[in-house]
Amino acid sequence: MKVLVWNENRHEQKNPKVREVYPEGIHGALRQFLEEAGHDVSTATLDEENHGLSDARLDETDVLLWWGHLSHDEVSDAWVEKVKQRVLEGMGLLVLHSGHFSKIFKTLMGTSCDLKWREADETERLWVVDPTHPIVEGIGSFIELEKEEMYGEHFDIPTPDELLLLSWFEGGEVFRSGVTYKRGRGKIFYFRPGHETYPTYHQPQIQQVIKNAVNWLAVKDTVKPTYGNHQPIASIKPKG
Amino acid sequence: MKVLVWNENRHEQKNPKVREVYPEGIHGALRQFLEEAGHDVSTATLDEENHGLSDARLDETDVLLWWGHLSHDEVSDAWVEKVKQRVLEGMGLLVLHSGHFSKIFKTLMGTSCDLKWREADETERLWVVDPTHPIVEGIGSFIELEKEEMYGEHFDIPTPDELLLLSWFEGGEVFRSGVTYKRGRGKIFYFRPGHETYPTYHQPQIQQVIKNAVNWLAVKDTVKPTYGNHQPIASIKPKG
Amino acid sequence: MKVLVWNENRHEQKNPKVREVYPEGIHGALRQFLEEAGHDVSTATLDEENHGLSDARLDETDVLLWWGHLSHDEVSDAWVEKVKQRVLEGMGLLVLHSGHFSKIFKTLMGTSCDLKWREADETERLWVVDPTHPIVEGIGSFIELEKEEMYGEHFDIPTPDELLLLSWFEGGEVFRSGVTYKRGRGKIFYFRPGHETYPTYHQPQIQQVIKNAVNWLAVKDTVKPTYGNHQPIASIKPKG
Amino acid sequence: MKVLVWNENRHEQKNPKVREVYPEGIHGALRQFLEEAGHDVSTATLDEENHGLSDARLDETDVLLWWGHLSHDEVSDAWVEKVKQRVLEGMGLLVLHSGHFSKIFKTLMGTSCDLKWREADETERLWVVDPTHPIVEGIGSFIELEKEEMYGEHFDIPTPDELLLLSWFEGGEVFRSGVTYKRGRGKIFYFRPGHETYPTYHQPQIQQVIKNAVNWLAVKDTVKPTYGNHQPIASIKPKG
């Protein structure tokens, strides 16, 4: 499967602490374990030409991962629109952590995607609330992260199609941390954890969820709907 | 309750047949039965200054109805954004018929909102599939319209929060004709029937659904969520 | 509106601490604030003849509240079946706290309704995750209860139709604490808090949620569906 | 994957027309194309000892198909309960056509599962309304069946977790014909077509949906939730 990992890649340039945790960048860390899972993975970052995107790359991508934070506004509207069209055509989209505020997520949701937040080295515990779902295979009852950024409700998203994971935060809040959506012919998964200064993407259960999600997000041989004027199939009686 | 009926009001200017069916415009027909139901109703149309909208009018509106077809593109992006913000703040939105392709509906849905269509004087029958819902009070098992435009699946919308009505069309198609959504603090109802050359909005069951919907769409004393940085409520232990 | 409050009423007989918190029984506490809200409220308890129920009482009830814990098995299957039929016909059902394990809730859900639990005088905080919903009007962003019993995920219920409240527990768990369902022509709300040794039902926000829920649960003039053999409405062509 | 096809197998004994369409029984027809798809398929029928079921067979079954019609009441409550437990533990369940009235489907739904029906050699057209779903891969925009029994709304089921297919019937009704549910750790798919006197299960698109559904219904390595008393993970402060 062709997977494209998009990362803003700015924290990595500015903050030695982030570089220490992710020497190859967040995109590099994601790329590595997805390649080990057998996928054909490439990466793209904000400061490359066209943010590292092209029509051809999007056309051949089965699943796109998106991590951004500082510079959502610098992603051009034209590329956001192209990514959106590809999602509606069937490309899977995995939005990570602060990507909740990316243009691509907000335009696909139709809401502000706002939330409460706090950076305080606090413990997060993500509880599985849907034990049937392929995305939570192999992770047990919960994932515990000793230190993470807090995201708290109200999370201004549409009602999820599926709610898979609920987070408990040490400081007193809760959050819908793993949610799925369908948009057009495409599927979307939002997965909360992944603050840039913590080694979250090195955690085996977190990697498992992301690997499961990539498999689940790929849409295969379903119909590509046609729209517009349509001839009747059954006969219509003349009316008075 | 303060209700604002927005209508494109172009068919009424161009097509004598539409004027015959709706001498006061589609907005006039909607206004009349909503006023009879006791609401404080005003109207706005595309060709008025600022499309008949103002910040003050939107601020005081509890529920907005939206009918458009020929000229969705002429509604300015700035006013679409203002209407969207009001929906997210709690203003109800009732999108009618060809309003499925309006900018405001598409931006709140995040999808193309495309569909199949046909004008062929064919019979439509809307079946109630949710007998618990206030929006379908008082209309019985189904609504039959002798002649309507056909809209057929696939209707490219997100999974509805609630599916209330399913249409059968004489020519062989089906359609999700009454669907609800939540966006931010606001509620949305999309209601399919209402082609401009048919007397659909004079039909008592159709009026009943619209009156019910207006009542259901109003959000009253729920919380206005706050977002952003949030102090801990419970104590957080120092980590190593 | 006619409201019937059903309570097992056994803890009140056995445990002086419960009697101290609820001198009139849990049913008495619920009755009082629902009467003050203008409803016509009556009560029924397990040890009355037919558990205090009759066909006539059920027929005239708009909304039934159900609190049970120690003795779910002593509720006769025949009465559970009668209550279920009334829910399917349109009677609202508000299931409280340990009522998650009542026969009536389990038969309407189709699942075990099991969960994790702990009695440890711990703090619960119920966060509003749906700011559009009438059931959470007037309570602000969250409800905090200094001491409650813990219920933790996984809660073995079907996917809720609506998720309104998520609980955070001091000891580390989360829970879907306010969920709605539709069954037949009836609506159901499950509301988690209410352990018998704590003054939870005296808390104003908790009372507000219950009063809101009673209003929301009543189904009015929707269709009573008919089933069985059905004559065609449109003509069917003879086939070869 | 281990697949068990359960069939009532009574029409086949009584009605030569059914035997002509399904010489090996409906279970035989289902078995054949599922074996060709590579599954390890066995069958069970009502009149075998224990309806052909055993604890061992259920324990090893990944997905169970269920077709019944005339004699739902003859399936013993004890075996219905065992099947239900296995679904809650993670066995997939594919309920076919008149199985909507089986004890196992009704107990998992919590509703009457009633509907309108008619046998009139009429055309059915099942439209895909979810182009993202693996169950509708490879079937195009719709399935047309020249002659089928009609099932019409209102179909008294809980709100589906996913709605995949909507039927149009020549005589004027519509129906939610492909719906999914989660119950406990198990997944359920109800698929409407399959009247015993029509060659529906020989139709390639129908077979494709059933093969897709069997793959989708299998739950693999997700958590087996534990319930009951639970020790705190975080520390709880003593209260006054």
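Read from first to last, the chains carry the letters A, B, C and D; within each, the first residue is number 1.
Definition applied: a contact is a pair of C-beta atoms (placed from the backbone, for glycine too) under 8 Å apart; a residue touches a chain by one contact, two chains touch by 3 or more.
The UniProt protein names, listed by chain, are A, B, C, D = Trehalose utilization protein.
Values in this document were obtained by computation on a predicted structure and should not be read as measured data.
Novice: Quick check for the class: compute each chain's Cα centroid; which one is farthest from the centroid of subunit A?
Specialist: Most remote chain from subunit A, centroid-wise, comes out as C.
Novice: Consider the two chain pairs A-C and C-D; indicate the one with the greater count of contacting C-beta pairs.
Specialist: If we tally the C-beta pairs in contact for C-D and A-C, the bigger total goes to C-D.
Novice: For the interface formed by A-D, which of the candidate pairs A-B, B-C or B-D is equivalent, sharing more than half of the contact pairs by residue number?
Specialist: That would be B-C, since it shares over half of the contact pairs of A-D.
Novice: From the mean C-alpha coordinate of subunit C to that of subunit D, what's the distance rounded to whole Å?
Specialist: Centres of subunit C and subunit D (C-alpha means) sit 30 Å apart.
Novice: What whole-number Å value describes the gap between the mean CA coordinates of subunit A and subunit C?
Specialist: 36
Novice: Can you list every residue of subunit B that touches 2 or more other chains, as numbers and ranges?
Specialist: Residue numbers touching two or more other chains: 125, 128, 130-131, 141, 152, 154, 159, 161-162, 170, 172-173, 182, 184, 223, 225-226, 233-234.
Novice: Please name which positions on subunit B make contact with subunit A in the complex.
Specialist: Per the stated touch rule, the residues are 88, 107-112, 114-118, 120-122, 146-147, 150, 152, 154, 156, 158-159, 161, 170-173, 181-184, 223, 225-239.
Novice: For subunit A, which residues are in contact with subunit D within the complex?
Specialist: On the subunit A side, the touching residues are 90, 123, 125, 128, 130-134, 136-141, 144, 161-162, 170, 182, 184-187, 219-226, 233-234.
Novice: In their complex, what parts of subunit C are in touch with subunit A?
Specialist: 125, 127-131, 141, 152-155, 159, 162-163, 166-169, 172-174, 176
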